[in-house]
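Both complexes shown next keep subunit A, but they swap its partner, so subunit B is in the first and subunit C is in the second.
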Partner chain A sequence: MRQALPVSEASLPQLGLTLPRMVALALLALVYLVAIPLYFAQSNYILGVITNASILSFISLGVWVTFAIGRINISQGAFALIGGYTAAILGTRYDVSFWLCLPLAGVVAAAIGTVIGAAILRLRGVYFAMITLSLTEAVRLAFLNGGAFTQGASGIVNIPRPDALSVFGVTIIPAFQGANPMPFYYLAAAVLILGLLAVWRLTTSRLGWVFRSMRQNEELAASIGINVARYRVIAYGFSCAFGGMGGAFIAAFHQNIYPASYSVTDSVYFMLYCFLGGLDFVFGPVVGAFLLVISFELLHDLQQYQALIYGVLMISCILWLPNGILSLSRRRAGPAEENEEPAVAPAAEKMERTP
Partner chain B sequence: MSLLQVQELTKRFGGLTAVNRVSFDVEKGEILAVIGPNGAGKSTLFKLITSFLPPSAGRVLFQGEEISGMRPHRVAQRGVVRTFQETTIFREMTALQNVVVAHHLRRRASNLGIFLNSRTARADEAAFRKSAAEILDYLGLGAVKEVEARNLPHGYLRALGIAIAMAAEPRILLLDEPFAGMNPDETERAVEMVRGIRERGVTVLLVEHDMSAVMRISDRIVVLNFGTRIAEGTPAEIQRDEAVIEAYLGREDDEVEAA
Partner chain C sequence: MEQIIVNGVVLAANYALIALGLTLIFGILSFLNFAHGQMYMIGGFVVYYVYAIFGMNYFLALLACAMTLFVIGVLFETLFFRRVLRIATREENSMLLAVGTALLLENLALFFFGEKQRGVPPVVTGVYQIFGAYLPAGRLLVLALSALLVVGLLLFVQYTRPGRAMRAVAQDKEVTRLMGVNVDRISAMGFGIGAALAGLAGGLLVTISAINSGIGTAISIKAFIMIMIGGAGVVAGAILGGIVLGFAEAFGYAFMPGSMTYLLIFVGMILFLILRPQGIMGKPWG
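After this line comes the complex of A and B, so read on.
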């Protein structure tokens, strides 16, 4: 049946935008952008939790991009720190507007990531994972021992809230005021949605196919003229930019940043969110982050066991759900896929028999 | 000037010299085979020519330009494209996607243009899809375009590997044991396929173990043994060559000893 499809149509399932999915996406957006803010308008706490989940999703989305080229990246905490400190230093010492700090944090993180990535991306598998893990620790120590520049363990506090964003005297976004969490909620939502769109574009475009080809076989990719080293760095730089911007957002949200704001544990969590949600799905890290962040707020009393529970979850996930929670939807659609396969296989056998 | 010149190529691994001062030329439009018994250094030579390994000494020139030591993608850019043995394909893509992604070198859109889905990027994709479908049809894979590569029957994998390489528009195509593990029927079809590729103006250099296929298909043959070139000539010359017969069949004393 599949073979009867014209070539152009056959590629569409890759985009995954079927009608039911579009309806589901629209509903999700409605809940996220309208229902939750309205229903919890009085609860700063809950809005804060969801803001947090949104931005952690955004940071993990970066890690997901490095998974796309077949690298396990445990350095995202380092780039959240780099972005956070970039924004904090520019904002507190040079009075740079938050709206400029946010993209600059991404640029600085991407630039540093590109330089480091060029050196370490040659490593694969567990070796790359280990060196990125060390990188998180190294960057934390660098900020801890940064002297007056980073203010050591006392960190940078009293980071100003986002100021008004105006273009040619027209105020587009008013300054964020006092304890009202609503502006942060919507800013996080906007950042997450734009991030999702960017990653979705990336993976559905030829770049995504180039990344996939590298993940599946780097030598074969090089043999057809793909500059594997360059695209690895591009993917990693993209990933680091997400870490940097997320870090800058959280620095402004909490109004402080310390070397201890992101540790190896955080880097591991960013990776875990991707694993839990599913590496085959752009939405994977979002599902993983929301699920874990929100469930742990609900299970407040268990927070001292957080690391233990995350550890057990990660192992269970690898054992029973290696493709993440979102793969369950595919499993449900399983019978339909199985119907397709016999339709193809006999045709292939027939081909083989005809000389 | 010859299309491809292999000059005094040498590769040492520690104390072992896998390829020892091998030289030969490949002329435009010919099919040249490199053969030799197991362990003769064929695979190493193949990797050296395609720059997947750096040589210890000697060099490889393509159209007069030195390509040894270049990174593999640069070599591919110049039109020197290799295939791999059998299962080296993009397993989690359909046959069509395998070949579409292999059109990478022909893209005109920039990375930013691709990301933003510019008009050029869309035109590229449409053209690649069309060209990929043509290549697959031509190589007899037309009916399995939409089959994920890992589900393809074994016999199709090598053709898919060649389809991937053809998408990179090679001037010279290097085939790594294209007939290994094939039954006579399959070999016959593969031989036709390789001839067809040459008809399209692509020079072919193949490394192979299967003597009978090589004798039928090659214009010239280079024979390796223990890393050195022991003979070069037309199939008829090679079949009569004393050194080749000895390398393949062994000397009589050897056989007595082995028995």
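After this line comes the complex of A and C, so read on.
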């Protein structure tokens, strides 16, 4: 049903920085960076949950970028695994500093993603979804069969905690010690915020417009001179880098990595986070991941019903909020963009009214 | 060698059944049923309860399993997918709903059936010998019933009125509606039959290999491999995919560990899809 349409307003990420929005962002940052760490300073458990949510948001941000070019990417678990193993092997066998492992994990994941992506990005729609899903499983099996290099099913354990980061003898970040979760909390926050800024910058740049044009119609984009094959590999490589760095962080955070650390279910979750938050919003994956991770922990008291309620919540969300949680803000903004209608119709109407 | 071929034939027939169900749903509703493996799992559990626990006839258990899954399929289509396919602004939505239903089914199964591995006592006993290969009667039964169901489905789709209507919906929904076909009913029926096929495959294979609540994703992945190799939405492609995967698995398991076999199958499939993205029988982006 996707036809050649001008980029409609509905498909644009919400970028306008109005005053209320800036105030809201500042408040959010204050809660995230000051209030939560202060209030929960004694609770390692809660800080751990939020650290987890932050880094899962970061990994999902990568998936969001592939959604931006109109591909359903279920391979992010594979690249989290690749990144995690890169950091684990470099850290345990070659004594490479964590601060070098983290970007290197991203580079390795992006390089592998670029090579694989160049081949599989020719597929579209459900075919791409299916092959990326298979890729997650294939990478898991590859690490399982990796012999002495990956240590098979027993995985790599005792990954050292991040050491001190010093430049020219000046210590910028002290070594992470003991069970104190605070350094990891702030590191995850920093990684997430930098990731958000990067993706936000990307969507507002020319590249962002190229991606959106490819999502709407790849042939049309190619016909106006966009090198579609190159840009889709760029988007996928970008996404894989996020997966790799997130995986490296989690490997250092948990101090272990196994082939079973990321399965197809995880890849699917990364995709669901984006979707539940809203695919049209850069903040979508963050909202989705925080909401799902935290609600999963809140449901913890219900023990056996936990997973069940989770599943029901997810289906209800898709049934009644098909454009994600953040689309609520848009619905409030104007009844013209009523959710029941395909977003194309009002946009097309608007086109006619304003020449 | 003969043994491997015999094993391959049994696997291929059963896998073809799984792939046929998935490709039927994909053809008619044009979205990927992520819950297919979970439906297979539920089918296995229905047979386990009716046949092994309540001690009823195996064929009665298969019938119960087909009915249960048919009802689940129809309910899913009418309650969930119809609405989402109508209001969705992006094509991803229906697929994500399918992922949601897969999670729901898996958690329901975990809740009601527990996480234990379940098997059933053999339906028929005895072993036949063909060309020096051993074929247990149980496997022969699975092979015969799978082949029967595949042929039955092909005849149904080819020669009956609802079958024709399904093919028409798969080709062009709007025109089919104009011809006076109740598209909603046919879609629900298609989903129901696809689900029933998945359930029957589970109900058949549970007599050979045990099942548990978490088996769904692995089965779904196998089903995806088959329809990718064969071509999504094409009936002949699903059968071909089933044959390719069944034999690849039988040969692989004979010579190396299971996880290595699947790694090679994945690598082979990705290389194959680079050369032919639409699969053996598929139309390019049809």
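Keep this in mind: the second predicted complex is superposed on the first by the 302 of 355 C-alpha atoms of A that agree within 3 Å, B and C clash if a C-alpha of one lies under 4 Å from a C-alpha of the other, contacts with A are read in each partner's own complex, and residues count from 1 in each chain.
Note that in this section contacts are C-beta pairs under 8 Å (C-beta built on N, C-alpha and C of every residue); 3 or more make two chains touch, one makes a residue touch a chain.
Everything numeric here is computed off the predicted structure, so don't read it as measured data.
Quick one: is A:F275 in contact with subunit B, with subunit C, with both, or with neither? Answer first, second, both or neither.
In the superposition, A:F275 touches subunit C alone.
For A:V157, decide between first (touching subunit B), second (touching subunit C), both and neither.
neither
Which partner does A:L197 contact after superposing on A: first (subunit B), second (subunit C), both, neither?
neither
Who does A:M22 touch here: subunit B (first), subunit C (second), both, or neither?
After superposing on A, A:M22 lies clear of both subunit B and subunit C.
Would you check which partner chain A:T265 touches, where first means subunit B only, second means subunit C only, and both and neither mean what they say?
In the superposition, A:T265 contacts subunit C only.
One more residue to check, A:V115. First (subunit B), second (subunit C), both or neither?
In the superposition, A:V115 contacts neither subunit B nor subunit C.
For A:L302, is the partner it touches subunit B (first), subunit C (second), both, or none of the two (neither)?
Touch status of A:L302: no partner.
When both complexes are superposed, which of subunit B and subunit C contacts more residues belonging to subunit A?
Counted on subunit A, the partner with more touching residues turns out to be C.
Where does A:L144 make contact in the superposed view: on subunit B (first), on subunit C (second), on both, or on neither?
In the superposition, A:L144 contacts subunit C only.
Find the residues of subunit A that appear in the contact set with subunit B and again in the contact set with subunit C.
Common interface on subunit A, subunit B vs subunit C: 2, 10, 344.
Can you check the complex and tell me which residues of subunit C touch subunit A?
26, 31-32, 80, 83-84, 87-93, 95-97, 99-101, 103-104, 106-108, 110-111, 217, 221, 224-225, 227-228, 232, 257, 259-260, 262-263, 266-267, 269-270, 273-274, 277-278, 285
Going by the contact rule set out above, which residues of subunit B touch subunit A in the complex?
It is residues 50, 52, 71-73, 76-77, 81-84, 88-94, 96-97, 100-102, 104-105, 107, 109, 111, 114-117, 121, 124-126, 129-130, 133, 140, 143-147, 151-153, 155-156, 164-165, 167-168, 185, 189 of subunit B that touch subunit A.
Hey, which residues of subunit A end up touching subunit C in the complex?
Checking each residue of subunit A against subunit C gives 1-2, 10, 67, 72, 116, 119-120, 122-127, 129-131, 133-135, 137-138, 141-142, 144-145, 263-265, 268, 271-272, 275, 279, 304-305, 307-308, 310-312, 314-315, 318-319, 322-323, 339-340, 342-344.
Show me the residue ranges of subunit A that touch subunit B in the complex, using the header's touch definition.
Touching subunit B from subunit A are residues 2-3, 5, 7-8, 10-11, 201-202, 205-207, 209-210, 212-213, 216-217, 219-220, 222-229, 234, 341, 344-345, 347-349, 351-352, 355.
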